[in-house]
Amino acid sequence: DALATIEKDKVVRIAVPQDFPPFGTVGSDMQPQGYDVDMAKLIAEKLGVKLELVPVTSANRIPYLQTNKVDLVISSLGKNAERAKVIDFSEAYAPFFNGVFGPADVAVKDTKDLSGKTVGVTRGAIEDLELTKIAPSDVTIKRYEDNNGTISAFLSGQVDLVATGNVVAAAIIAKNPPKKPEIKFLIKNSPCYIGLNKDEPALLAKVNEIIAAAKKDGSLDAISQKWLGAKLPADL
Amino acid sequence: MHYTFDFGWLLEYWPVLLKGIGITVELTLVGGVLGVSLGVACAWARALGPGWLRPIVTAYVEMIRNTPFLIQLFFIFFGLPALGIRMNELEAANLAMVINLGAYGCEIIRAGIQATPKGQFEAGASLGMSRIQTFWHVILIPALQRIWPALSSQIVIVMLGSAAVSQIAAEDLTFAANFIQSRTFRAFEAYFVTTLIYLALAVLLRQLLRGVGWTIFPRRGAASRAR
Amino acid sequence: MSDFTTWDILRNLLLAARWTVVLSVVSFVGGAIVGALLLFMRIGKGRAGPAFVKAYVEIFQGTPLLMQLFLAFFGLGLFGIDVPAWLAAGVALILWSAAFLTEIWRGCVEAIARGQWEASSSLGMGYVQQMRYVILPQALRIAVPPTVGFSVQVVKGTALTSIIGFVELSKAGTIVTNATFEPFKVYGIVALIYFCLCWPLSKSSQILERKLNVAHRNH
Amino acid sequence: MSLIEITEVKKRFGDNEVLKGINIDVEPGEVIAIIGKSGSGKSTLLRCINGLETIDDGSISVAGAQLLPDEIHLKALRLKVGMIFQQFNLFPHLTAGRNVMLSQMVVKKTPRGEAEAMAKKMLERVGLGHKFDAYPDELSGGQQQRVAIARALAMQPIALLCDEITSALDPELVNEVLAVVKELASEGMTLLMVTHEMRFARDVCSRVVFMHQGRVHEIGPPGEVFAEPRTPELKQFLGML
Amino acid sequence: MSLIEITEVKKRFGDNEVLKGINIDVEPGEVIAIIGKSGSGKSTLLRCINGLETIDDGSISVAGAQLLPDEIHLKALRLKVGMIFQQFNLFPHLTAGRNVMLSQMVVKKTPRGEAEAMAKKMLERVGLGHKFDAYPDELSGGQQQRVAIARALAMQPIALLCDEITSALDPELVNEVLAVVKELASEGMTLLMVTHEMRFARDVCSRVVFMHQGRVHEIGPPGEVFAEPRTPELKQFLGML
C-alpha cells in the first residue's frame, strides 16, 4: 500500500517536469519551479510528509511510475483510454489546451492546412498521440525526446510548427524568443491529471480528496493565478 | 517482482522497428563510407600533407575526440541554425557520424601510414610517381590493411554510438524503441528487444567489415589460398 | 521566470560539470575494479571463466551504451530495486567501462613475451607468483597509456546519462538552452567544458605512450 | 644411478612427432652438448626436461625423482634443474640483483638479507658484482645472459639446461658467456647444452649428442663424434658448418 | 658527352658531410661497381643521382639534362634512371605483374593493355613470366628482387642504379639475381651498382669506384683496382674481405 509507505517513510516522491514552462522549468539556480511543482508541494504539505521532487521528461515519466521510482506523477499528464489501462488518474488539477503553434508568417488555420508541413512534438505527450490521430498523412511529425528538444527544434527552425500546450507557448513568448509560437488552432482540451500506479485505492482517494479541498479553499486558484495568469476554469 | 513481461506489442509495432533498423543501417553505411574517406584524407594531411594543413586537421581531430558525440549532434542540429546553417535531422545525424568517424579514423589510419617502411615511398618516387600518386597507389592500401581491425572496431563503435541520434528525432532504431515505449509503456521490453537487435547488427557489421577486408586486401586472401 | 546572464549559463553548466566529474570518477574506478576481476577470470585457468568474460565483453561492446543505460534504469526497477538515475547511470557505466578495460588489459598481459612466463616457470614460480611478481608489474606499465586514453571515453560516455534524466553537464546544457534560447552559445560552452576535461587526459595518454615507446627502444 | 634419466621420451605437437623416443642418461658432473639441425627437437627435449612441455610417453627422472606434470612435482623438479634461454628472459622491470633475488624469496621464501647476499655472490661469480643495481636494458647482451646464469645458479640447482645461450649474442660477446659456462663445468656442475659452438663443445663437453629428426642419432665423446662421424647425416651436418 | 656527369657533388646530413666532392662521368653502356666500407657514402651517392636526396653543392646531369629538385625535373630524371633497392621494396598489395604495370600506367599513362604486355615481357626477361599473378609474399627473396628489376626496366630507363641488391638475399639466391644483372650488362644497359660481390665486380664491370670517407678514393678498371690497389685504405678494404 503506497499511502501507508509514504506515511511510514514520511516522504513522498513526485515526478515533475523541468522542461515544460509554466508547469515545470528551472530558475537560474537550476531549481524546479512552476505549476506542477507548486501542486506537488501542496500535496506533500497536505499529506504532512516531506517532498522529494524527481525531474522527469514526458518520455520517461510513466516508466518512473511503473518502476516505483516515484509515488505520483504531477507532470501535466493527459488522460486517455490507452493510458488508463496502465496507470490510474486522479481528478483533474489543471487546465490544458493542446494546440498547434507557429510563427506569424506560417498560414495554418486547421488540421488540413498542416499538409506538407513539419510539426515538432514531444514524444509520448498527449499532443503527440492526438496529433498523430488527426493529422493528414503528408504531415511530417518530428518526435523529440523531451520538451527541451521540441522547443529547441522550433526555435532553431528545424520544424515549421509545434504542437504543445497553450500555456507552454505563452510562457515561451513571455521570454521573448527570436521566434514566437502563436496559436494556429486548438487540438484538444485535455486537462492535466495526477498519475499513480494501479491498485492503490487509498492513495488515489487521498489525492482526490486533497485536490477537491484545494479547489474549494482557493489554493489551486492561487497556483493558477500565479503560473497561468487566470483563475481555474469552472468546469475543471 | 510483480511485473509481467509482454512482448505482444511486437506484432503491432514491427514496422516501426524495421524502419528504425533501416535508418540505423543507412546512417552506418553512409557514415562508415564517408567517415573512412574523410579519415583517409585527414590522415594523409596529418602524416604527409602540407605544413599549413596539419594544425587545422589536428585541431579538428582533437576537438572531436574530446567532446561527446551527443554534444556534437546537438551543436550541429540546434546550434548551427543560429549561423544560418540548417539541415534536417538525418543530414545532421549523418554529418555528425562522418565527422566523428573521420576524426577517429584519421588517428588510426595515420598510425598505419606511419608504419609504412620508408622504402615504399622511395620505390614509388624512384619510379617517377608524385607524392600523391605514391600515397594513393602504393601506401594507402597496405596502411589500411595494417589497421583494418582497429578501424573496424571503431566503425562498430560509431554504429552503436548512433543510438544518440534519436535525440534529434532521427527515427533510428533507438527512436523506434522510445516511440514504442511511449505508446505501450513497455519500456523494458522495448529496450531489451532493441538491444538484441543492436547486438545482431554489431555482429553482422563486424562480419561485413571482415568481408570488405578480404576483398580490398587481396594479398592475404591470395597468400592463404596458395597455402 | 528568471533570465539567464552568460555568467548564469556558465555557472550552472560548471556546477553540473561537477556531476560529470563525479560520475566519471565513479565509473572509471568502479569499472577498473570490475574490469580487474573480469581480467583474472579471463586469463585464469578453467573454461567457464574465460567463456563468461568473452560473452560479457561481446554484449557490452556490441550494444549501445545508451541501451545499457535504459535497461539498467528500467530493468533494475523491475527487479524491485529502486534505482535513482545516478545509480542506474553508475551501474551501467561501470559495467560498460569494465568490458573495455578488461579487453585493454588482456591485450597488455598478452603482450608480455612468452619467455617471461617460461623463465619464471623454470625458476619454480607458481601461476599466482608469476602473475604477481613478473607479469602484472610489466603489464601494468604498458597498460597505463591506453587506460588513461580510455578514461576520455568514460567522461564522454557520461553525456549519455542525460537521457535517463541524470542532470550532468549535457542535461544541464539542454535545460539551459531551453531557458535561454541560445543553443549555439550553450552547446558551444558545453563542448568547451568537455574539451577541458578530456583533452588533458588524451594528451597525457599520448605523452605516456611516447615515453614508453622510447623506453622500449632502449632495450 | 644417473642424475638425469631420459627414457623413451616421446613428444607430439598435433600430428608432428617432434621427439620419437629419446634415451639419454646423464651422470653427475657431466657436460653434454646437444647438436643438430634446426627443427630436430633439441629445444623441445630441454623444455621437456624442465617441465615446460609435458611429455606424451616415456619418463624423465632427475636425481631419482620422477617428473610428473602436477604443480608440486614440477616445482620440486625446477628447484633441482635450472634453465637458461637464448633470449635471456630477464625480468625487465627488476634490477640485475632483484632478478637474482626474486625467485629465492618467492619460491624458497629465503629472507631478503640472505637472498641479497646470495645474489651478490652469484653476480660476482659471473663477473657482474658491480652491476647489482643495473636494469637489464642497461646491460649488454652478454652481461644479460650472465645475469640469467646467476639467476639460475642462485636457486642452487644440481643441473643446468642451456638452450643456445650464445645464439642471440654479437660474436664479440659470445666468449664472455662461454667462459662463465666453462668455469661452471670445471667446478663440477652438470650441464646439458644445446649449442652451435662446435669448438666449445669439443673442448669442454664430456659427451656430444647429435639429434636428427627427433631421435638421438649419434652419441659419444666429442673426439669420436667430431673426428669419426659414423652416419652420413652427422657428416653432412658437420660439413655444413 | 657522358651519359651521367657527377661534378663536385657534396651532401651533408646536419654536421656530417657524407659526400665531400664526388666526380664521376659514366659513359653509355658502362657498368660501374661502387665499393667501400659501410658509411663511406655509397648509398647516399646513388640516392642523390636518383633525386631521393637533394645535393648541397655540385651538379649531376643525366643525358645532358641537369638534375633540379622540383617535381617536374625529378620526374623526368626518374623516367631516365631506374633504381633497385636492397630491400626490394615491392608493393605488397599488388601481384608481380601489377607491380610492374603500376608506374607505367600512373606515370606514363600507358594504356592497361600495353602496360600488361610490357610487364609480361619484362617478367619474362628476368625469368619470371610464370609468376605474373603471384603476390610478393609468395615469392622468394631472389624472385622478389628480379621482379623489382623488371619493374624498373618497364619504365625503359637509360641507366639503372643498384644499391646492394643481393645483400638481403640468402647465399643460394644471390646468383639468380646476379645472372639477370649480367645479362642486362651484356645487352648494353648502363649500370651503377653498389656491391660487395667482388668477384662479380671483377668479371662484369668496366670500372670500379672505391669510396672512402665521402670521396672517390680510387677509380679504374677492375683489373687495376683489385690487382694493384694504390692506397693503403683500398688495400685494407680488399684484405678485409
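Letters A, B, C, D and E name the chains as they come in the text, with residue numbers starting at 1 for each one.
In this text, a contact is a pair of C-beta atoms (placed from the backbone, for glycine too) under 8 Å apart; a residue touches a chain by one contact, two chains touch by 3 or more.
Note that the coordinates shown come from a computational prediction; the quantities given were computed from them, not determined experimentally.
Asks: Mind listing the chains that sit against subunit C and also against subunit D?
Replies: none
Asks: Using just the Cα atoms, superpose subunit D onto subunit E and tell me the rotation angle to the nearest 5°.
Replies: It works out to 175 degrees.
Asks: Work out the mean Cα position per chain and let me know which chain is farthest from subunit D.
Replies: So the chain farthest away from subunit D turns out to be A.
Asks: If you average the Cα atoms per chain, which one ends up farthest from subunit E?
Replies: The chain lying farthest from subunit E is A.
Asks: Would you mind checking which pair of chains has the most C-beta pairs in contact?
Replies: B-C
Asks: Between subunit D and subunit E, tell me the centre distance in angstrom, where each centre is the average of that chain's C-alpha atoms.
Replies: 47
Asks: Could you work out how far the Cα centre of subunit C sits from that of subunit E, in whole Å?
Replies: 54
Asks: How far is the middle of subunit A from the middle of subunit E, if each middle is the mean of its Cα atoms, in Å?
Replies: 82
Asks: So the centre of each chain is just the mean of its C-alpha atoms; given that, what is the distance between subunit A and subunit D in Å?
Replies: About 81 Å, centre to centre.
Asks: Please output the residue numbers of subunit B that touch at least 2 other chains, ranges allowed.
Replies: Where subunit B meets two or more other chains at a single residue, that happens at 3, 78-79, 81-82, 167, 187.
Asks: Which positions in subunit D are in touch with at least two other chains?
Replies: If we look for residues of subunit D contacting two or more partner chains, we find none.
Asks: Touching two or more other chains, which residues of subunit C qualify?
Replies: 74, 78, 80, 163, 174, 177, 183
Asks: Going by the touch definition at the top, which pairs of chains touch each other?
Replies: The set of touching chain pairs is A-B, A-C, B-C, B-E, C-D.
Asks: Which subunit D residues qualify as touching subunit C in the complex?
Replies: Contact set of subunit D toward subunit C: 50-52, 71, 75, 78-79, 82-83, 85, 87, 89-93, 102-103, 106-108, 136-137, 148, 151-152, 155.
Asks: Would you tell me which residues of subunit C are touching subunit A in their complex?
Replies: Of all residues in subunit C, those touching subunit A are 1-5, 8, 12, 15-16, 73-74, 77-78, 80, 82-84, 163-165, 167, 172, 174-175, 177-179, 181, 183.
Asks: Please output the residues of subunit B touching subunit A within their complex, sorted ascending.
Replies: Where subunit B meets subunit A, its residues are 3, 77-79, 81-82, 86, 88-89, 166-169, 175, 178-179, 181-183, 185, 187.
Asks: Report the residues of subunit A in contact with subunit B in the complex, numbered from low to high.
Replies: For this pair, the touching residues of subunit A are 58-60, 62-63, 66, 82-83, 86-87, 120, 123-124, 128-129, 142-145, 149, 152-153, 156-158.
Asks: Of all residues in subunit C, which touch subunit B in the complex?
Replies: 58-59, 61-68, 70-71, 74-75, 78-80, 152, 156-160, 162-163, 170, 173-174, 177, 182-184, 187-188, 190-191, 194-195, 198-199, 202
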